[in-house]
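Across the two complexes that follow, chain A remains constant while its partner is chain B and subsequently chain C.
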Partner chain A sequence: MLIEVKSLYHTYDEKMPTEWPALTDISFTAAGGEIVSVVGHTGSGKSTLAQHLNGLIIPQRGEVIVDGMHVAAKSPQLRQIRRLVGLVFQYPEQQIFAETVEEELSFAPLNWNVSGMELKERISWAMELIGLEDSLLSQNPFELSGGQKRRVAIASVLAADPQILVLDEPTAGLDAGGSAELVALIKKFRRSSRCVIHVTHDLELALCISDRIIVLANGRIVSQGTPLQIAEYLCRNKVKGLALPDVLSLSFELREAGRTAGITWEPERLAAMIGAPR
Partner chain B sequence: MALMNGVTPGQYIPSDSWLHKLDPRCKILLTVIAMAAIFIHTSYPAFIVWTALLGFLIRLSKVPALMVLRSARPILILVLFTSALHLFWTPGDVIARIGFLKITSQGVVMALRMALRIFFLVLYAGMLTLTTSPSELSDGLESVMSPFAKIGLPSHEIAMMITIALRFIPTLFEETDRILKAQTSRGADFESGGLIKRAKAYIPVLIPLFVLLFQRADTLAAAMESRCYRGGKGRNRMYRLRWCANDSIAVVTFAIIVAVMSFALRLS
Partner chain C sequence: MAGGTSLSLQGAEFQYPGSPRKVLRGVDLEIRASEWVAVLGSNGSGKSTLLKLFNALLIPTQGICLVDGLRADTQDAVWDIRSKVSLVFQNPEDQIVASIVEEDTAFGPENLGLPSEEILRRVDAALTITGLLDKRKKMVSTLSGGQKQRLALAGALAIEPSCLLLDEATSMLDPMARIEFLDIIKRERKAGMTIVQVTHRLEEITAADRVVVLECGSLVWQGSPCEFFDKPDEFFARMSFARPPLAVLRDLLVKSGAVQRETPPDIRRIREALCL
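Showing the complex of A and B:
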């Protein structure tokens, strides 16, 4: 499963005083088994890009191709694209509407005409993947804790069995424990040869979990590469709204001073690097 | 999919135009005069005058005409509904039949007039909100209503409610758009099926929307209370409104135009 974005442009409020170019010449690919993070400051175009991947926004210029299918207005394949690409919005718990968790989770599969045993299997799989117990299925989702609501909302997207999962700021508003659980979910999802596109402004998280990172600034890709390449780039180039993790800054300073051989954003690795003579 | 498309009702577009610089009380007064006149005069020559006057005001405001027109788009359904009622239920000379429904020539005229009347009302009111910031509008409304405070009208509270309502219209549209997209990405289909199926499809949008709006209202009330908001009593203001010569010129000119038009229409 491959998702391909070619020279994508998007402008909000075209020919209006409030005209705003949200995306300019965006190109990248993501394949199954990969975690690709898109990082950038608030208003850098991350969420606009995420919505293009699911066909919620149709490209004004450029192309978005999902498994060989083009995202285009009135395309008969648009629903199929939405089925393949699960999109988890920021604060997904705000989309909950059903009276029970089970009903909430069955919303997407039923929309794709999945029913009977397959529906039950999908719900169980999503609950297990997200780390929720089946006993919650009969509960009212509005009575759950904030973290549980978030997980139910994500499970409701997973229950549609997407091959590509796009997460828009999934850890926003979660405590450290909640974030760690979500990271575990992302890694678990990737293991089944599916693709995760993780949109975030949390650079540290992106460096820790990604196979590749795309850095957006003012709607343009300023850099893309492996976490190490991006760490190196960001240490040398200031990007608006992206604060370097303290460990990475320290690691860079130490390397520049000739005290370590490389850079890292992991405290344990940095400690080991400092301990080891160059 | 997108509900916003550039402008929502009640949105303010900042600019340094002559219209923007007018006192909010002046603009409120002009809007009231315009609305009253639109209600009274619904003949076709009157609509030509309203169109020309609106065009002139749009030019003065420096707000793109397309943006002003788009601000009336959300009321399209209301216009269609009202026009349909007049089209089918106005008695007169029958010119066509659709099943048990009859279309009369008088109904066609009434439907068209009603549609134009609503459009002009919304567009003129839109000129007020497009060129007046929410805080100016609140101050202006409060000032205009202040004489009624003597008979117990809570002018400050009413002005505050109107301002908050206007302030939340774009938010309401944004939230609706976001929830619509979230449910669409989960396979919800809002575009196919009959009326009942489509109405049912909106349940997953309306429930989260209401929950969210009540939460926001609750948070806003708490935030205002925590900053010791207790209504208008004993409250002073940072900026005082100033009525300038331009405001008088605008009101007098507008009143003359409306008076001349009324007189001319009556003569004709």
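Showing the complex of A and C:
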């Protein structure tokens, strides 16, 4: 499963006084088994890009291709693309509407004509993946804690069995336990040869969990590469909105002073480097 | 803004109608005028409910909430309390009411019945502080999540409150915007504003005077940020807190003798300790 974005442009309020180019010449690919993080300042175009990936926004110029199918208006394949690409919005718990968790999780599969045993299996799989007990299925989702609601909302997207999961700021507002559970979910999802596209402004988290990182600024890709490549890039180049994580910043200064051999964003590694100078 | 506002909870409890569970249980908390208090706790611990008591959005089902000595459960006091205390929600969509940036910012001052010149002055000031002046004529729907969060702050500041309640108000901001947002808060606090800040980002609490920890609706710990970071790992695990990476590094460097125990988890101090 591959998602390809080729020379994608998007302008809000085109030909109006408030015209604003949100995306300019965006190109990248993401494959099954990968976690690709998209980082950038607020207003950099991250969410606009995310909404292109399942055809919620149709490309004005350029291409978005999912498993060989083009995202295009009136495309007969748009339905299939939306089935393959699950999009989890910021604060997805605000989209919860059903009276029980089970109804909430059944909504998308039923829309895809999935029922009976397969529906039950899908729900069970999504609940297990997201780390929720089956006993919650009969509960009213509005009575759950914030972290649980977030997971129910994500599970309802997973129940549609997407091959590509696009998460827009999934850890915002979650406590450390909730965030750790979500990170575990992202890694589990990737292990099943599926792809995760993780949109975030949390550079530290992106460095820790990603296979590749795409850095956006003012709607353009300014760099893409492995976490180490991106860390090097950000140490040497100022990017709007992105502050270096403290540990990475110290690590870079120590290396530039000739006191350590490399750079890292992990405190344990940096402490070990400081303990074992060059 | 003249001085800060003092806040007080005395045996405060809160239970949502129809819910069997108390969200807050017997909370006693005194916040001095111009103090910055960080409120921590896992999801569902009662942090947001606590904030809503302080601007009389919710009234304790038992106990007392006082704002500058005014009882929040007195209908006559609600106007005064809300003129003094502004709340910025976690999700800006929950408090943005107008479709144009400057109209939204003007909503609070308009409700205070201020003359139009004064409303304009406050809107200008609030949009300048929050870096949104060039977006004043923009449709709110074209703003990014982070810009909306700054707009919510602008709306709160336009009331010129003496106390600001922040409910995860930086959660949608990028790292630089978060630093800038917190710089605004630091300046307001320096000018005498009382700040009560709910956050999950422990690196944000170093500027606070005091840290308060809630667990299942009860206040279970309070102390300085330094005392907080010295709490054992078991406490952090129980509360679902993750030590910020810089605090982890500081602890490891203390163990290895590279920095002194007195060094706080602050990048400038660690940099100095490492002679950088």
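The rule is simple: the second predicted complex is superposed on the first by the 278 of 278 C-alpha atoms of A that agree within 3 Å, B and C clash if a C-alpha of one lies under 4 Å from a C-alpha of the other, contacts with A are read in each partner's own complex, and residues count from 1 in each chain.
As a working rule, contacts are C-beta pairs under 8 Å (C-beta built on N, C-alpha and C of every residue); 3 or more make two chains touch, one makes a residue touch a chain.
As the structure is a prediction and not an experimental result, all values here were calculated from the model.
Asks: Clash or fit: how do chain B and chain C relate after the overlay on chain A?
Replies: clash
Asks: Touching A:Gln94, do we find chain B (first), chain C (second), both, or neither?
Replies: both
Asks: For A:Trp265, select first, second, both or neither according to whether it touches chain B, chain C, the two together, or no partner.
Replies: second
Asks: Touch test for A:Thr18: chain B only (first), chain C only (second), both, or neither?
Replies: So A:Thr18 meets both chain B and chain C here.
Asks: Could you say whether A:Phe142 touches chain B, chain C, both of them, or neither, answering first, second, both or neither?
Replies: So A:Phe142 only meets chain B here.
Asks: Quick one: is A:Leu250 in contact with chain B, with chain C, with both, or with neither? Answer first, second, both or neither.
Replies: The answer is second: A:Leu250 touches chain C but not chain B.
Asks: With the two structures laid over each other on chain A, which partner does A:Leu56 touch: chain B (first), chain C (second), both, or neither?
Replies: It touches chain B, and chain C stays clear.
Asks: Looking at the overlay, does A:Leu242 come into contact with chain B only (first), chain C only (second), both, or neither?
Replies: Second partner only.
Asks: So which one touches more of the residues on chain A, chain B or chain C?
Replies: Of chain B and chain C, the partner in contact with more residues of chain A is C.
Asks: Report which listed segment of chain C has C-alpha atoms clashing with chain B; options: 5-13, 113-121, 149-157 or 185-193.
Replies: Looking at 5-13, 113-121, 149-157 or 185-193, the stretch of chain C that collides with chain B is 113-121.
Asks: Show me the chain A residues, by the header's touch rule, that chain B contacts in one structure and chain C contacts in the other.
Replies: Residues common to the chain A contacts of chain C and of chain B are 13, 18, 94, listed in rising order.
Asks: Going by the contact rule at the top, pick out the chain C residues touching chain A in the complex.
Replies: 19, 41-44, 90-91, 93, 138-139, 142-147, 149, 168, 171-177, 179, 200, 203, 240-242, 244-246, 248-249, 252-253, 256, 258, 267, 270-271, 274, 276
Asks: What residues of chain B sit close enough to touch chain A in their complex?
Replies: Answer in residue numbers: 1-2, 5-7, 13, 15, 63-64, 66-67, 178-179, 181-189, 203-205, 207-208, 211-212.
Asks: Under the touch definition given earlier, write down the residues of chain A that touch chain B in their complex.
Replies: 13, 15-18, 51, 54, 56-57, 79, 82-83, 85-87, 89, 92, 94-98, 107-108, 111-112, 142, 156-157, 160
Asks: Can you list the residues on chain A that touch chain C in the complex?
Replies: Per the touch definition, chain A meets chain C at residues 12-13, 18, 20, 40-44, 47, 90-91, 94, 143, 145-147, 169, 172-180, 201, 203-204, 240-243, 245-247, 249-250, 253-254, 257, 265-268, 270-271, 274-275.
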